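Input: structures, listed below.
Next, two complexes with subunit A in common: one pairs it with subunit B, the other with subunit C.
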Partner chain A sequence: MAHFWSSIRDSRGFDALLVWLALGYLTVFSAFPLVYNFVISLQTVDLFSLASFDRPFVGLENYREVLSDPVAGTVLWNTIRFVVLSVVFQLLIGFGLALFFQQDFPGSSYLRGLFLAGWIMPALVVGAVWSWILAGDFGVLNYVLRSFGLIDENIFWLSDHQVSLYSVIIANIWLGVPFNMILLSVGLASIPQDLYEAAELDGAGAWQRFYTITLPLMRAPLGAVVSLGIIFTLQQFDLFAALTQGGPSNASNVAQYWSWQLSFQTYQISRGSVVSVLMIVFVIGVAAIYTRSTRYEQNY
Partner chain B sequence: MKKYILLAFAILFVGIYLFPLYWMYVTGLKAGSEIFRFPPTFWPQTLHFNVVDIWVRLRMDRFLTNSLIIALGATAIIVAVGTGCAYALARVRSIWMDVALFATLMMQVLPSSLMITPIFVSFNMVGLLEYPRLAVVLAQAAKLLPLYIVLCRTAFMQVPRELEEAALVDGNSRMGAFFQIAVPLARNGILVTSVLVFLQSFGEYVYSRSLIGERALQPATVGLQSFMGPNTSDWSGVMTYSAIYVTPILIVFVLLQRRIVSGLTAGALK
Partner chain C sequence: MKSTILAFAAAGLLASTAMASAEQVTLDLWTIDDPGEYHYVLAEEFMEEHPDITVNVRTVQFRDMVNDLARAVATGNGPDITYIDNPEVALFASRGLLLDLTPYIEKSEVVNAEDIYPGPLASVTWDGGIYGLPRGANTIALYYNADKFREAGLDPDNPPKTWDELYQAAKVLTKPEENAYGIAFSAVATEEGTFQFLPWLQMTGGDYDNVATEGGARALNFWKRLLDEGLASPDTLIRSQWDSTGTFNTGSAAMAISGPWELPRMSEEAEFDYRAALLPIPEEGAERASALGEGDNVILANSDNPEEAFLFLEFLYEQMPRVWNEFGYLPASRVEVNDPKTPTIYAVFEESMKYARNRGPHPEWPRISKAVQEAIQSTLTGQTDAGTALETAQQKIDGVLGE
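Right after this comes the complex of A and B.
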């Protein structure tokens, strides 16, 4: 017994205990649900069989049903558009702002930090504010667009099935820009300044310096930001809840919201878990690629 | 001169970006009829304070107390369980620690809206849904624990190993060195990360919405969502509610801005 205690206080046992404490917690509350999710997706789970351990096993039947559901195609296409457009615009705006704030002027780092105010807010509140900005009749965005002459009639951002997905994308870009900008700023700051000075002496213009120095050296941070952007965008749920609830008639529904709707609004829990299993496999795939690539970079 | 032109542009960009926040506060201060004016007024013509009315009518004290309970509970679990793990992962290099780190990183990316289905079913079976706020605390702690570990690990990596070794030579135990040397020296990182975790949990929505049915136990996010409803017209009220809810968050942010920025960037790229 004494040996046991001294091993915990003084040697490897101490590190192992600390790690296992956290991993144990994660095993119970993350890894177990992850595995259990897969089990549920092979069973029939609804309100009647919810409480019993002995649920009918149906194999891949749920998967077949979900994939042949006509909504599935819409949701998949919406998810792709949501992720690609969000990530692309977050990256472009974030990179542009990072380059701008990299220049030397008073207060640059303080003003840059202010952008994170958007990131720190609860996403549901952000959704509430945006749904008022985007409101069809009295929304300020329609007013601004009209006074610049960009549109002639009010756009009903949240209820028009052709634009409702884009309204969520706009809010999501707003939410993601600060994070992109801050991470890319760190990357930019680590590029040695004398590279630019040398290039300037050799007569390289601003664009040439950007293409031959900035972009190649920013490859790793850009890759990180794209992977993290995909991961965060697939986590986005609150904006959908606050803005469109996936509607009208699934026009702005995406996989992570659909999965929740199936489980908690129509109580087709096994179908909800099918969507969840498929999406989690994808998210973990992206995360694994990202983690491996950053480890690789570190070895330099 | 060029510097001041750049500064002017920078202020313009910040202004455009933070316009939604401004719009939230301004709308909250407008009277009901002024809301529905097109073109909208960018400064309220008559100031209309309905903070007290919204606070009392919607029982915001109850909502915010629940948010606070959830955020404090999740943060307490995360700090208690995660700090030591972050330390061990920063100090020991072995294949097992690499595996543990990789597993942690993978669990960090699991979206709440996808994890809620199995969590709901399994919590229901073991009877945890009888205590819905505890259920949310447990699930939310699991959601943010990996992020906390990753960010705190970088804080511990910046503590020089030699200081601990000196303490060991002086006869301190590993546990003593951890509590008396490593934790105090990494306290800034631990503190900022805890604040981040706290603020995230203070705005938690998915788990609370799905696991807490009873209105008296719901946090402020769920309260806001049901206040908005599908066809709300009380936008002044919704924006007042939002402003009451996020103002404390924004104050904490302004106070800790520099540290949050540096803590975040240190963790995310390593």
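Right after this comes the complex of A and C.
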């Protein structure tokens, strides 16, 4: 016992303790659910067998059934469009705003603060607000577009199957821009000002400075923002629940929402787990890219 | 762990037999009601009549009920009595989780199964047993704005009786320049969409297990025509019944298909002469059908106090004549309702109840329902034609039924 306490007091034992605490936490709250989810995806599980481990093992049967479901292709293509378009526009707009507020004009820091509003609000509230904006017959957006003479007939943002996915994407871009902007602003602020001054003295124009100084030095923050953006976008559930429920006719259904529908609407919990296991595999890949991009962080 | 519980239980049993006369029985009741509604009000009244029984009422959100209940019975923490929505009874009854009430009903002087309407009775019946007592019922009918009928030159005393008449009326009543549609209903991709569509299918001879029929395609194409010609809002695809009827109340739709649960709000919001009519039928002389909603009071199989629980169910069942005026449901059994509120609309719904059919029963109902919803949505969005969509649904349903 005395040995134990002395090992805690000397720094070595204390380090080990901290590591074990962290590892223990990760095991209980991350590894166990992940493994449990994977096990469920190999068994036949319904609502009533959730609590016991003794369930029929079916191997990859659930995977076969999920992947051969006619909805799977639609969901995959929707998920790709949702993630790529959301992340690209969140990044472009977020980076643009970060550069803009970097200009340090009067009131810039207050304005930048205002942009955070969207990020502070819960996604479900954002969803409710956007569903009023995008409503077909009485929506704000249709009213504005009609007043400016841009459209003659209402666009049914949420119930037109060719539009509904893009409506959710628009709302999600709005929701994600502040996060991108703040992270990239921090990155921009850490670039030493004298680099720009030196380049300017050597006669580099604004574009040259951007391409040769800003972009290379922003590599790590951009990598981080892109990979976190992908992960956050794949987590986006509330907007779908509030706006389209994946419809009409699965036109705006994405993997994360489909997984929930399978588990909790038709109670095919194993199949819902299959979808989430496949998503986890993808997210682990993205997370690997993220850790690489932060490992090579540049020091000036 | 188990043995200690047993030991405690045994000790408790000994103690309770020792003071049998003073025994206080506690019943746990789960409901989707909020305080002031059906279960809360009636549990109070029941406790006044039976001071030796305590009823603990707990509210569970409607959408969480099945999940919470399944988890509770899996871990042995379930209530004694609970409310279950009609199509979910089979899910729990098929797994032996509900108490078969048949022997209790045979002895009962209050409950007579023959008094219960066929639809509600079918909803609590599984494999020959009766697993619950309906607390009430609801069904759908056609609400219409009599003022708009008059303006458009239609006879408000002669509402549409067939699909053709419904289409004609919707066409005349649609006024795009006023942003007003002819009719509002719900084709949303949830249980509500199935609830609204099944009667249309049943009127043409089909049912949940037989959807790929000519009549089914005809019904779907009729819905599609209403949307394609702008007689109903494209948002019909994503609106619940409640939201759709909201547009009727504000005058943005001249007719609406929905149930009696709309009436309290309608009496506040709708500033016009609103009336109700039976759901139109495909043609003169065709079979009638309507949806059956609301839910049932059931006792869980592992309840410790089945006798007292059934006493409470009997008490609830006895209140059937009060449900329309006080709680807004239709009676699920043949009872005399004295002085009903909105008597003409009540008469329509009462008549409609005779044609109300249960959904299922099937323990995998949500999957059958999902197949129907997908057929509705893929047809109405124009992605597939009605025949193919129903064919696909039929394959999925056959898959579920064949398991």
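Please note the rule applied: the second predicted complex is superposed on the first by the 255 of 300 C-alpha atoms of A that agree within 3 Å, B and C clash if a C-alpha of one lies under 4 Å from a C-alpha of the other, contacts with A are read in each partner's own complex, and residues count from 1 in each chain.
The working rule: a residue touches a chain if its C-beta (ideal position, glycine included) is under 8 Å from a C-beta of that chain, and two chains touch if they have at least 3 such contacts.
Because the structure is predicted, anything quoted here is derived from the model rather than measured.
Enquirer: Applying the document's definition of touch, where does A:D15 land relative to subunit B and subunit C: first, second, both, or neither?
Expert: First partner only, subunit B.
Enquirer: I'd like to know which partner A:L50 touches here: subunit B for first, subunit C for second, both or neither.
Expert: both
Enquirer: Tell me which partner A:H161 touches in the superposition: subunit B (first), subunit C (second), both or neither.
Expert: After superposing on A, A:H161 lies in contact with subunit C but is clear of subunit B.
Enquirer: See if subunit A has more residues touched by subunit B or by subunit C, and give me that chain.
Expert: It is B that touches the greater number of subunit A residues.
Enquirer: Give one of first, second, both or neither to describe whether A:R219 is in contact with subunit B, with subunit C, with both, or with none.
Expert: neither
Enquirer: So in the superposed three-chain picture, is A:S273 touching just subunit B, just subunit C, both, or none of them (first/second/both/neither)?
Expert: In the superposition, A:S273 contacts subunit B only.
Enquirer: Considering only touches as defined above, state whether A:R64 meets subunit B (first), subunit C (second), both or neither.
Expert: neither
Enquirer: Based on the superposed arrangement, let me know which partner A:D137 touches: subunit B (first), subunit C (second), both, or neither?
Expert: In the superposed model, A:D137 contacts both subunit B and subunit C.
Enquirer: Per the contact definition in the header, classify A:F264: touching subunit B only (first), subunit C only (second), both, or neither.
Expert: Touch status of A:F264: both partners.
Enquirer: Would you tell me the residues on subunit A in contact with subunit B in one complex that are also in contact with subunit C in the other?
Expert: 50-51, 135, 137, 245, 264
Enquirer: Using the touch definition up top, name the residues of subunit A that touch subunit B in the complex.
Expert: The touching residues are 8-12, 14-19, 21-23, 25-26, 28-34, 36-37, 40, 45, 50-51, 53, 97, 100-101, 103-108, 110-111, 113-118, 120-126, 128-133, 135, 137-138, 140, 143, 147, 174, 177, 182-183, 185-187, 221, 224, 228, 231, 234-235, 237-238, 241-242, 245, 256-257, 259-260, 263-264, 269, 272-273, 275-276, 279-280, 283-284, 286-288, 291, 294, 298.
Enquirer: Under the definition above, what is the set of subunit C residues touching subunit A in their complex?
Expert: Interface residues on subunit C, with respect to subunit A: 66-67, 70-71, 73-75, 95, 97, 179, 188-190, 233-238, 247, 252, 366-367, 370, 374, 377-378, 380-381, 383, 392.
Enquirer: Sort out for me which residues of subunit A touch subunit C in the complex.
Expert: Touch list, subunit A to subunit C: 47-52, 70, 135-137, 156, 158-161, 244-251, 264-268.
Enquirer: Where on subunit B does subunit A make contact in their complex?
Expert: Contacts found on subunit B: 3-4, 6-7, 9-11, 13-14, 17-18, 20-21, 23-24, 27, 35-40, 77, 81-82, 84-85, 87-89, 91-92, 97, 100, 102-122, 124-125, 138-139, 141-143, 145-146, 149, 173-176, 178, 199, 202-206, 209-210, 221, 224-225, 228, 230, 235, 238-239, 242, 245-246, 249-250, 253-254, 257-258, 260-261, 264-265, 268-270.
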